[in-house]
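See the structures that follow.
In the two assemblies presented below, chain A is common to both, partnered first by chain B and then by chain C.
Coming up: the complex of A and B.
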């Protein structure tokens, strides 16, 4: 972790050569860059601290501190360094230096959709196992990701290695705090308890997202592509049935609960027809309404769906 | 900004004998201020002893680590540690847990930089910075640096600088696991037993209305312009 002005410490500008812009987030740009000293390709995430009133954005603070703790896991993107610098206007800038990954799961799925090919079942199995392993590691360290989606899952298409990234919305669920915000998570992957306004939620929100990603890998289409919170809920209810106190005790007490249209649950095979029986069983356990009944990431790794997977290099 | 001596509690001047416990504040503030006051007193006594020994040897002045230099003021602020903690709690609406976690950060600092001592010259700045960072880490809804600066009696620019300084000194290791959190709670509770109040500190939270920030203080050496008023 380096600050400017230290003896012999290079600034980010001196240490790296920017090659191309590869993305843009709320607080700044992401570049593919080359470390001049080693020639190593890295991802440079530039974080502006322009908002004098805010200081270091909480998303940056959480992401960096969580990655300082989790970065040793092979399925979590590695934060190599943090450098402090100044931009042209003399404002403070933080550069997060990450290992570089060629693509992400969103682009990977899109490439199959565009060519009309299906993702090979063993590839799906391998990617899902790695995702469950990465999520289990986060949860084991008391971290909820809260924004799992294909775009935040980085990939090396040569090795088929998958890594969880973008922990800006992540938080510790282990220390007693005020109510959580429900303004989190991209709609399509958002758990029903969050949509219904639950103010305390658990690891199960990440498992719901994992289930949605699983289905999307198989069909190459989002499972629940809602364009508003209400539409998102209705998408879920149409497939899984409108929940009630029998299937989900306490659901009607949630803040955003209303009288919704009544749908009966459909078989998951109608939505994900090419998934085998074991895959459907795992998916159904990931998409249980009652959060406490949803399978854990650790238990998911032990599911029979993964029995025929060679896990030695994962 | 008013000086610390003008600090008041909603227009009702706080009498010197008013204790935190009597004000219905979280017990964690009480034990934390007691521990920090002891720590500061012990460190300043240590500096005095070292200074006297060096004087006797004609070896110049005490040279301590400079890791916490950014947090040093020229003189100690006149507001006491208990009143300062109370002020932060009242006006920032942060979880009581933030004070435990803020203490974890200060403790980590002293372990990472053992030659840098917490004294009356730096304790206030360390407190407001560490509690603010803890709040950003823990609370989904929290006030920004400008509000913390105003509550803490420093300028916004200085608090921004202190925040980065703290983060780099801690190597951005500001995640606190439940195990670590519980062990610090236990440690603070043991201290309460020593102080004769064998009660548990708050782990659960109670909603608390935001008070109007109607009193300004300054712990800066130079008076900085008063920050803008909070608009209701």
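Coming up: the complex of A and C.
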């Protein structure tokens, strides 16, 4: 990666030609752009800095600094440069220059849903292995992603290569895990400990998200599509049973714990009927209530579900 | 988890080696050593290999570190936030080497930007930029000025804001030493406090983070578990792949500092009600200037209201310090 921030001699406007807007985030827009010097297609993530406000946004700061650590992994999106420029009003703007990926897992799943096709089992296996590998790499470097969801998993549909992106909510964690904000993670992929108000959480929050994504790849539907924190919990409890101190010691002491309706656990095969036995076993280990009992990303890669996968190019 | 000396432990053990720089030697741990889980092992390998890239030592900067500690105490920041801020500052000034005697305000502005960035990286609640300006500082900076310095610090440090610090190693070593579980949090707490108390001394910071962590842990182990101290002490250099000599040298230095002054924090966090010692916000050290920082100029006091977005009671608290110079930075290098 070129030294970020220096950005060479050319400003972002001189160096890139914007082709189209492809998204919008909290702090600015994302464009597909062409690097004028090489003709290479890149993604430009524009971040506005309001001079009268609070400097560089923490999300941008964390995303860039974390990608400086992680960008060499093939399953984490590559940050190529950070360029500083000014907009029409003379305000400072940062452009994060990323490698461009054609699609994301959300669009990929939607395309199968629209055509009524199922995602081939070996494709699911390959994508899941790559996801576990990317998450294991993040965790091995002391990074929690905290916002894993299909939309944040970029893909090249030709090569079926998957890359973790959007580390705006990611953070380096200390051991032991200290108190973090519990208002993280998109609702559908949010771990029960976060929903119940835990502020001391760990890598297991990412593994829960991976489990939800796994099920969604198989069924083409979100596993727990709640529209509020309470509804989200109830979705989880209906399938996995209402937790108690036996299955999850300490659950009743969490900040948002109340007396919830009592449901018995269902077999995961009722929710994900087309998943084979090994897949169901892996999924069940990813969706364990007690965070410390949830499988790690590294252990997940070693699970028998992946035994018949050709891992040479992954 | 395999037990020490069980066949499975020994089988695992033969593959268990650290790759640190050119070294790759198998670790044969003494008996209290417990085998770490894979994740922690990977993380430790990662820390050991990265620590040189984000480590810097720098001549006297005692006042700046005192001021950073004052800010951290005032806002009840985590120890890691303080350590990160000092790391950023050290790396920044050693890279830029600006002349602090000619431009003391610039040193203070750099320190301010470093604390702000550290808080954004580590804290869940970040104060307003204005609220970082606590203590008896001679200077008061506008938000846009601090933002410009933040960007300069970030580009100078190449946005590498998650460096390896001694705190990164405390828990990893602790997990391997087999210290009694109920002592863990007390042990970590004391290690962090001792680190904060010696961080202002640039001699201490010239050691690699892992060496400093080991030396601090030896000191604390001798306080907490004096009977087993020697046994634990012998294990640490092996975990580090570092020379025992370096750890002992660092330990002696810490011991000297501890005995002399008990450090900035007196080995306990100052209560907010206590008056904080007021740093000048200026480094004593001289720098050779080979950069083009002459384009940073001091403007006349800005018209921005000093108490923008502050509660009335806070404004009253701060009134005595209004006579500080308000600085704006023009022509910031882009």
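Rule of thumb we're sticking to: the second predicted complex is superposed on the first by the 301 of 314 C-alpha atoms of A that agree within 3 Å, B and C clash if a C-alpha of one lies under 4 Å from a C-alpha of the other, contacts with A are read in each partner's own complex, and residues count from 1 in each chain.
Just so it is clear, contacts are C-beta pairs under 8 Å (C-beta built on N, C-alpha and C of every residue); 3 or more make two chains touch, one makes a residue touch a chain.
Treat the numbers as computed from the prediction; the structure is a model and nothing was measured.
J.: Figure out whether A:251 sits in contact with chain B (first) or chain C (second), or with both, or with neither.
T.: After superposing on A, A:251 lies clear of both chain B and chain C.
J.: Which of the two partners, first being chain B and second being chain C, lies in contact with A:165: first, second, both, or neither?
T.: Neither partner.
J.: Quick check for you: in the superposed arrangement, does A:58 touch first (chain B), second (chain C), both or neither?
T.: both
J.: Would you sort A:203 into first (chain B), second (chain C), both or neither based on which partner it touches?
T.: Touch partner of A:203: chain C, not chain B.
J.: With the two complexes superposed on chain A, say which partner A:233 touches: chain B (first), chain C (second), both, or neither.
T.: In the superposition, A:233 touches no partner, neither chain B nor chain C.
J.: If you stack the two complexes on chain A, which partner ends up touching A:42: first (chain B), second (chain C), both, or neither?
T.: Neither: A:42 stays clear of chain B and chain C.
J.: Going by the contact rule set out at the top, does A:142 touch chain B (first), chain C (second), both, or neither?
T.: In the superposition, A:142 contacts both chain B and chain C.
J.: Just to be sure I read the superposition right, which of the two partners does A:97 touch: chain B = first, chain C = second, or both, or neither?
T.: After superposition on chain A, A:97 lies in contact with neither partner.
J.: Quick check on my understanding: which residues of chain A belong to both its chain B contact set and its chain C contact set?
T.: 3, 49, 51-56, 58, 61-62, 64-66, 68-69, 82, 84, 92, 141-142, 171-172, 174-176, 178-181
J.: If we count contacts the way the header does, which residues on chain C are in touch with chain A in the complex?
T.: It comes out as residues 37-40, 42-43, 46-47, 50, 78, 80, 116-117, 120-122, 124, 126, 128-129, 143-144, 146-147, 150-151, 154-156, 158-162, 167-168, 171-172, 184-185, 188, 334.
J.: Along chain A, where are the residues that touch chain C in the complex?
T.: 3-6, 49, 51-58, 61-62, 64-66, 68-69, 82, 84, 92, 136, 139-142, 171-172, 174-176, 178-181, 203, 296, 298-299
J.: Over in the complex, which chain A residues touch chain B? Could you list them?
T.: 1, 3, 49, 51-56, 58, 61-62, 64-66, 68-69, 82, 84, 92, 141-143, 171-172, 174-181
J.: Inside the complex, what are the residues of chain B that reach chain A?
T.: 95, 97, 101, 132-133, 136-142, 144-146, 156-157, 159-160, 163-164, 167-168, 171-178, 181, 203-205, 207
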